[in-house]
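Contents: one structure, followed by commentary.
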Amino acid sequence: MSDDYNALGLIAGIEIHQQLNTKEKLFCRCPTTIRESEESNGEFFRYLRATKSEMGELDRAAEEEMMQVRQFRYLTYDTTCLVENDEEPPAPLNEEALDIVLTIAKVCGMIPVPEIQTMRKLVIDGSNTSGFQRTALVALNGELPGGAEIETICLEEEAAQRIEDTFFSLDRLGIPLIEITTSPCMHTPEAVQETAAQIGMILRSTGRVKRGLGTIRQDINISIREGTRVEIKGVQELDLIAEVVRREVGRQVALLKIREELIKRGASIEKTPVDVTSLFTGCNSRVLKKAPMILGIRLNGFAGLVGYEIQPGRRLGSEMSDYAKKCGVGGLFHTDELPAYGVTDEEVVKLKQALSATDEDCVIIVADKPQQCHCAIQQIIRRAEMAFSGVPKETRKMLEGGSTAYMRPLPGAARMYPETDVFPVRVTMERLDSLEIPEMIDDTISRYMQDLGLTREVARQMAYSERRTAFEEAIAEGIRPALAERAFNSTLRELSREGIPVNRIDDEAIKKILFMIHTGEVAKEALSPILKSLSEGKNPQEACEIAAPKVSEEEVAGIVDRIVTERSQFIKERGNAATGAIMGVVMKEVRGSVDGKVVNQILREAISRVLKSP
Amino acid sequence: MSDDYNALGLIAGIEIHQQLNTKEKLFCRCPTTIRESEESNGEFFRYLRATKSEMGELDRAAEEEMMQVRQFRYLTYDTTCLVENDEEPPAPLNEEALDIVLTIAKVCGMIPVPEIQTMRKLVIDGSNTSGFQRTALVALNGELPGGAEIETICLEEEAAQRIEDTFFSLDRLGIPLIEITTSPCMHTPEAVQETAAQIGMILRSTGRVKRGLGTIRQDINISIREGTRVEIKGVQELDLIAEVVRREVGRQVALLKIREELIKRGASIEKTPVDVTSLFTGCNSRVLKKAPMILGIRLNGFAGLVGYEIQPGRRLGSEMSDYAKKCGVGGLFHTDELPAYGVTDEEVVKLKQALSATDEDCVIIVADKPQQCHCAIQQIIRRAEMAFSGVPKETRKMLEGGSTAYMRPLPGAARMYPETDVFPVRVTMERLDSLEIPEMIDDTISRYMQDLGLTREVARQMAYSERRTAFEEAIAEGIRPALAERAFNSTLRELSREGIPVNRIDDEAIKKILFMIHTGEVAKEALSPILKSLSEGKNPQEACEIAAPKVSEEEVAGIVDRIVTERSQFIKERGNAATGAIMGVVMKEVRGSVDGKVVNQILREAISRVLKSP
Amino acid sequence: MSKKPETGDIIRCTLEGCSLEGAYIASRDGMATIKLTSGYNIGVPEDTLETIATSELAEPQVVEITQDVNLPLISIVSTGGTIASKIDYRTGAVTSQFKTSDILNAIPGLVTLARFRAVQLCNILSENMTPSIWQQLARAIHDEIKAGARGIVVTHGTDTMAYSAAAVSFMLKTPVPVVFVGSQRSADRPSSDNVMNGMCAAKTALSELGEVVVVMHGSTSDDACAIHRGTRVRKMHTSRRDAFQTIGSDFLGTVSYPSLTVKLSPSVVKRDTSELILKDHLEEKCGIVWYYPGMSVEILSAWKGYKGIVLAGTGLGHAGTDIISRIKEMNDSGTLFVMTSQCLKGRVCDRVYDTGRDLLNAGVIEGEDMLPEVTLVKLMWVLGNSKSPQEARELMKENLAGEMTRRSSV
Amino acid sequence: MSKKPETGDIIRCTLEGCSLEGAYIASRDGMATIKLTSGYNIGVPEDTLETIATSELAEPQVVEITQDVNLPLISIVSTGGTIASKIDYRTGAVTSQFKTSDILNAIPGLVTLARFRAVQLCNILSENMTPSIWQQLARAIHDEIKAGARGIVVTHGTDTMAYSAAAVSFMLKTPVPVVFVGSQRSADRPSSDNVMNGMCAAKTALSELGEVVVVMHGSTSDDACAIHRGTRVRKMHTSRRDAFQTIGSDFLGTVSYPSLTVKLSPSVVKRDTSELILKDHLEEKCGIVWYYPGMSVEILSAWKGYKGIVLAGTGLGHAGTDIISRIKEMNDSGTLFVMTSQCLKGRVCDRVYDTGRDLLNAGVIEGEDMLPEVTLVKLMWVLGNSKSPQEARELMKENLAGEMTRRSSV
């Protein structure tokens, strides 16, 4: 496979979906809190059905969802309401969410839409109780510093979280989601990954997006010159993006090769399946032996191509299998991979005979109940036909490692119509002007390095930290940057590595501790045990008392006197040079409850007394 | 004891309560249907509390009910409504019920109240969810043919059925109840019973009262010259009334004798109980041994009187025990009956010593938890004090056999106030005039004997029967009285004795059968098996076919021919005299499916043919 | 700007120097809605538009549904509402549909249950219903039953569906089921309750019922519809699927989904119990007065000259003492007053408190446990069909169509 | 007939020649009510009476209740209703009682809970409540709290108790519980709910609450009272003990009986959260208009010149298209309209259908999920306390006293 993506005509774009960290959801006033399903307070179920458009046609993607009539179950919470239940009209568009999106649009230099109109985008996989996702186009035509074009920015509602198959949790439904779509302007796998990283940085720079697993998802659109647009959904790991692109390019190249070969061979597809159930009654494959029905189909001239590897771990047969699975079957067998899985050579011969297959042909069989078998064979035929035109237009999902599997057809763009229950929002110049552009995290990092003297890595950590704002406030109020950084970043990281639940510690509490250190009430040496105490639910006062019990200057003086007296010989031997060593002993004893400077002062005086003494 | 009731100054009156068989209840539109508690559709509970009158005093009876705070539970049905639940104001007074009561008042020649006003009579034993019973005085001052005076007739609502203790069933609550109160005009036990019988007859004569166990209840008011008015509640068996009166007279005579003796002895009551728990720790009586507390009280000069029999099976001690039981204790022990029940002679001696009792005194002990013991001792003292004035004013309940036990104090007459939710009903002359007086059952009996030729017993059975109306209708339509009587009475009684559920048989079905017999469609001989078939749920047509399969005249002729031929020798020997014997054989074979007359006709012809033949 | 574009025209607009193409949809207050090729609508200033090409409407694809002539006939009388609708994704417009084929297309399962004939009576939002449309509706249903329908389904907006169901209950004695149905979620959305409600309604129309009912979701799940008597039902929630509730008694039955098993309670009126009789007179000069504390006597005068007034009083059926004399005056001049309660549940009883007794003395009739809305409709019918005021008073106290129960079950 | 007897006089009457004695009670329409010695009342023609003896009224026995000075103080403000009453068995009269001793006699358990001071504000049937009495009530409560009461119990007739509770909720910010209580069964009957409701109310008045609530039976059994927020509660049954229901959310807590354990939900406003503030202005020219199909435009004119009108519309908050232009006219002349729904449950949303949008354009404010009755009271308060129409509009859209929820819980 060639690495010359330019020659292959690679065109790629990405869509980034990022949850916004608003107080309320996009179209109702519920909090944007993720819940455990055990906390659910109720459950209901619904059927969804695709609505035909006035042209009488059903969307291909919707139609495929409808193959099986499915009942969708939903869990409700005390943090969800009738809007998520699809039992109340939506509230007006969340203005806080819109402000965040408009801010990002401004960062990207985009043209805001003069009047934002909310649309309903049909989605009947159950992840939206209404059967559609509400989405609004907010801004158009932007460009990133690196040159990548941002085509559109939309504000959408997040879908319900799938617990399993047709069972959903409503806590996530309706959380505001920004969708940033680049134009298909990238031509190398690395460019795609870099652009994604850059957009991620911009999003985080606002300080108003959700963090953590699943709060950001990348979709990648890829095609090569003779290939077709394929959309790969839900790539969550930024570092995998380039690899996904590479593998998809590989897949398209391979599919085009197969096309060429098929045409060359004059391949064709037999449309009538053959019932071969009886051939496998004594088969060692348990699946085949116990199947109510086994149907076979002959693909003329496909020999070797069904088993041809098109991506690591994926063959043309895998694609056919994905299509067949939509009918509820577990998968398929094809003669390119047989004998295997308990099927003997002899059985393969009989199978080929039964279907009058030559060595140029490939036979595919599926085993299940009759209805499922017939459905699956039709799907296999459909996918086999697509092989003649190369790369099908598809939505695909990422598999572990970066290969992908078929998910559903690309949805038609036309399945959108206005959400009449939500009034349009006019975006005024005043509003746009009032939006402050946040400092980009990349700039923050530079500033931290330059102004605060942090190292690049620490500056990066601090800039991306959720505690950045508190950190900056502390500094603005006079705390030394190094101390503030230790409190808000390094020490917490150390404690976190020890398994201490540092996320329980409140920014305000840390700030209080910092001021106590600043005023000398507590020694900075006690920072780590104090933070640990805070993580156990103590308030700052309590934490200080526990971690660094109050030691008065008199007590310090007493301790110093004792230690100095005990070690007077040593002091006399070393003179002032003894200070360092003795300081350590004293500090250990006062356990960080006293500022080192104070101890140092008292110690120096004591030592000078000893040295002056006879 | 003397039988000279006149000399004793016996005065007795009765109150008869009879449920009316109306379509709806007295103050709501629920049916007057009695239900099984298994059919209940719900349950609720309430507390009732006596309301003080404006004079600040609680009724004595109400107060006694309040000794224990009690939670009352109620079962509801799909035939009860919010009115029984005390959750909706009452509907207007049931006019159908009022018509029945006015009719009875008319029969008794009473003065109807010009405007009937419904009252609330306080009852807080839980049997009324509202805490009162609604009752209205309908008529005054009547007289029975036998001379007994009817003082008043009231229309009341029936109370809820007690399932156990504080648990009630609401099906019965609100059924209309007529209350007929005689004046205290009877002076012998027999007169009381006769009057009750006569009133019962009048009630039944209307044909509009409920029948069966518990639908009629007699209360008897009794006093003798120096005695007091005592009310005996709920005497259900008419035949026991005279005996109840005799025993109550006996009881009052005995109590007066005890009074005399007490006064003569200068008896008195110690007011302070003594704790004698420790005396019985090794007692053979399980009750005493395990009792948390045993309290004793000394009744000075009562020796022998507490154990004095005042009624078969009842002593003064029994009365005291009844009073004590209101506190929740199981009963008492007194020295007149000890040693016994596992209490030894020695323990009795110790007990008397502990209470400083002489041989003239009686000691009473109760064993229970401390609170119950103290309450019970107070009640015993109260009842002992009453012994000095002879007969207490009481409401009593009948025990099996005719003796009685204390139930509660006589309620004060004043605990009644207007039911403002029910409008008064004016009784117009037109209404009174339009009420038809029914034939009295006594007259019906005479008529049946005279006009229909029934014997007295059969006439009585028929007159009291629920099937009387159907019986008279059948006769009016031409059925012979004897046949009708057999169908509606005698045969049913016979079948009933065999355990056949004849109450399932519908009057209309019997009438149909009678007409079929009348027209000769079915032979009257088949009556009994047909009725049996009806009781099994068959309709008249089916019942006839099963019990008396249709036999055509030709078939009869065939049977007759065969039998006659077989017995031609016998016929020739006996001539026409053989008819009787052979008739029996034929009838047995046609099993009552053919009228005897028809068979007889055919048989005679056949016999004459035989006799004519050579 | 060139001449104003028409819906569907392809236009170009310029935003901050950037040019966009899309289909023109509509304008409002100087802002034009444009549908971009991505399907998104955006609003842009109207004066930036330039028409590129005029609309070419594609012929809608008509799917003809074949009905099975061996199945029983149901007539669907439509009055409006969104039980069937179509979206034009090109313009985003959603339109209500009432032709037989439209309804059968929207609810494909229907053809397996029965043969259908659709009668479009009107197409209005149900808040615009009037007594005269109720009359037309009763007549249309009457004609359909006479023409042999085995059952009637009336599609109706949910806002005043209960009023209409009550009105038909009084005007029409029916031997067959007359089933009102609507949807709380419009038919254009995949989650709409129209399919389940429609299927359950059709199945009810074929059932052994013989009265006027409302069939709507029984719970928030798609598990079963409840069958409500037309004179005891009320919309009790603005937006939930199970908004319709029978008040003061149990509902008449259920239709499970998707099995479509109809279960009827023993208390239903059975098919063929009544003869088909239409009595469609209504006295429209009737109204509801909702009492509130401090209500001025003068407010009542707004209904002066009315033939009948339903009072929605407080508690057991009360109103401030001030207005009672005015009620008496109006009663004496020929206005019939019926008292109902704002509580909605429970029975009116004006015999318990003084105010109630004064109201009775003023001529007010106790509305027992009738719903205020149903009482209004009944009053219109009773006044339209009585020969004398006395007869009207008596009829108001009688149960005519299941609107009043004699006993309050728990 | 001798001179007309007075209540309690002993009289003789003659019926069909038979002479009866009894106490005279009263006469109506020529019929005199006589109490016989048996306790029964009967009605006899007035002209048959003959007075035998005049009444001698016995002195009522006054039972003085000793209060425990160490217990916290609760003020009982009484407005009427039958939480305490006495029966005169001689005449059968039942009279409401409001003195401290009367109330403590009627509900003997109270003295074990607190010290009580009773303030009799008025003695009216609650259907005769007016906005000006609400104001007096708010002032009286304010004064009692200022004077040191740890909690307030307001005894009130049940008919309009929910209106009054809402009115006080808006007029008064309270640091202590203000508990409205009534009884659905009058206090003269042994089954009255007055004892349990009264005890539970007193216990609530001592609790950690800091808002205006209604405490009434939670079910038909005597098991527990429910605590309802004063601005979310509604009387939903004419006669049941558990008639009061919180609409659209959960109630605030329960008081079990007879244990009197108070359980509060986390959503209550806690004691001492608010300062004591009285803002007792009310604009009384406000009313509720209950829309019904076919309502004439002219009906609306009855409220001409009013400052505020609550519309109780259909469904999501609609009214017939005809009346919208009249609403706009009145709005333009200074009447503030707020839309609520007859459904009672659920949220008004006038953005879904054309009628709703027209109503919004006419100036109508969406009443969110507020109850119509509460909206009326709020409108009076808002118009009485706003400096400008614009401020009033804004305040109507805000949640001021828990009357409006931002989210509709299931």
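Labels A, B, C and D are assigned to the chains in the order they are written; within every chain, residues are numbered from 1.
Just so it is clear, contacts are C-beta pairs under 8 Å (C-beta built on N, C-alpha and C of every residue); 3 or more make two chains touch, one makes a residue touch a chain.
Keep in mind the model is a prediction, meaning the values are calculated, not measured.
Between A-D and B-D, more contacting C-beta pairs join the chains of B-D.
Look at where the CA atoms of chain A average out and do the same for chain D: the two points lie 56 Å apart.
Mean C-alpha positions place chain C and chain D at a centre distance of 33 Å. Separating the CA-averaged centres of chain A and chain C is a span of 47 Å. Residue positions of chain D with contacts to 2 or more other chains are 220, 238-240, 316, 346-347, 349, 410. Taken residue by residue, chain A touches two or more other chains at 82, 85, 87-89, 420, whereas all remaining positions touch fewer. In terms of which chains touch, the assembly is arranged in some other way, matching none of the line, ring, star or all-to-all patterns.
Against chain A, the residues of chain D that register as touching in their complex are 316, 346-347, 349, 351-352, 406-410. Within the complex, the chain B residues that touch chain D are 44-57, 69, 71, 82, 85-89, 111, 113-117, 119-122, 124, 129-132, 135-137, 140-141, 152, 154, 413-418, 420, 424, 426. Partner chain B is touched in their complex by these residues of chain D: 15-16, 18, 20, 31, 33, 36-45, 58, 60-63, 86-90, 92-94, 105, 185, 187-192, 195-196, 219-223, 238-241, 258. For chain D in complex with chain C, the touching residues are 125-131, 134, 157-160, 163-164, 220, 235-240, 243, 284, 287-296, 298-299, 301-303, 312-322, 341-349, 353-355, 373, 376, 410.
By the touch criterion given at the top, residues 28-30, 41-42, 76, 78, 80-83, 85, 87-89, 92, 420-423 of chain A touch chain D in their complex.
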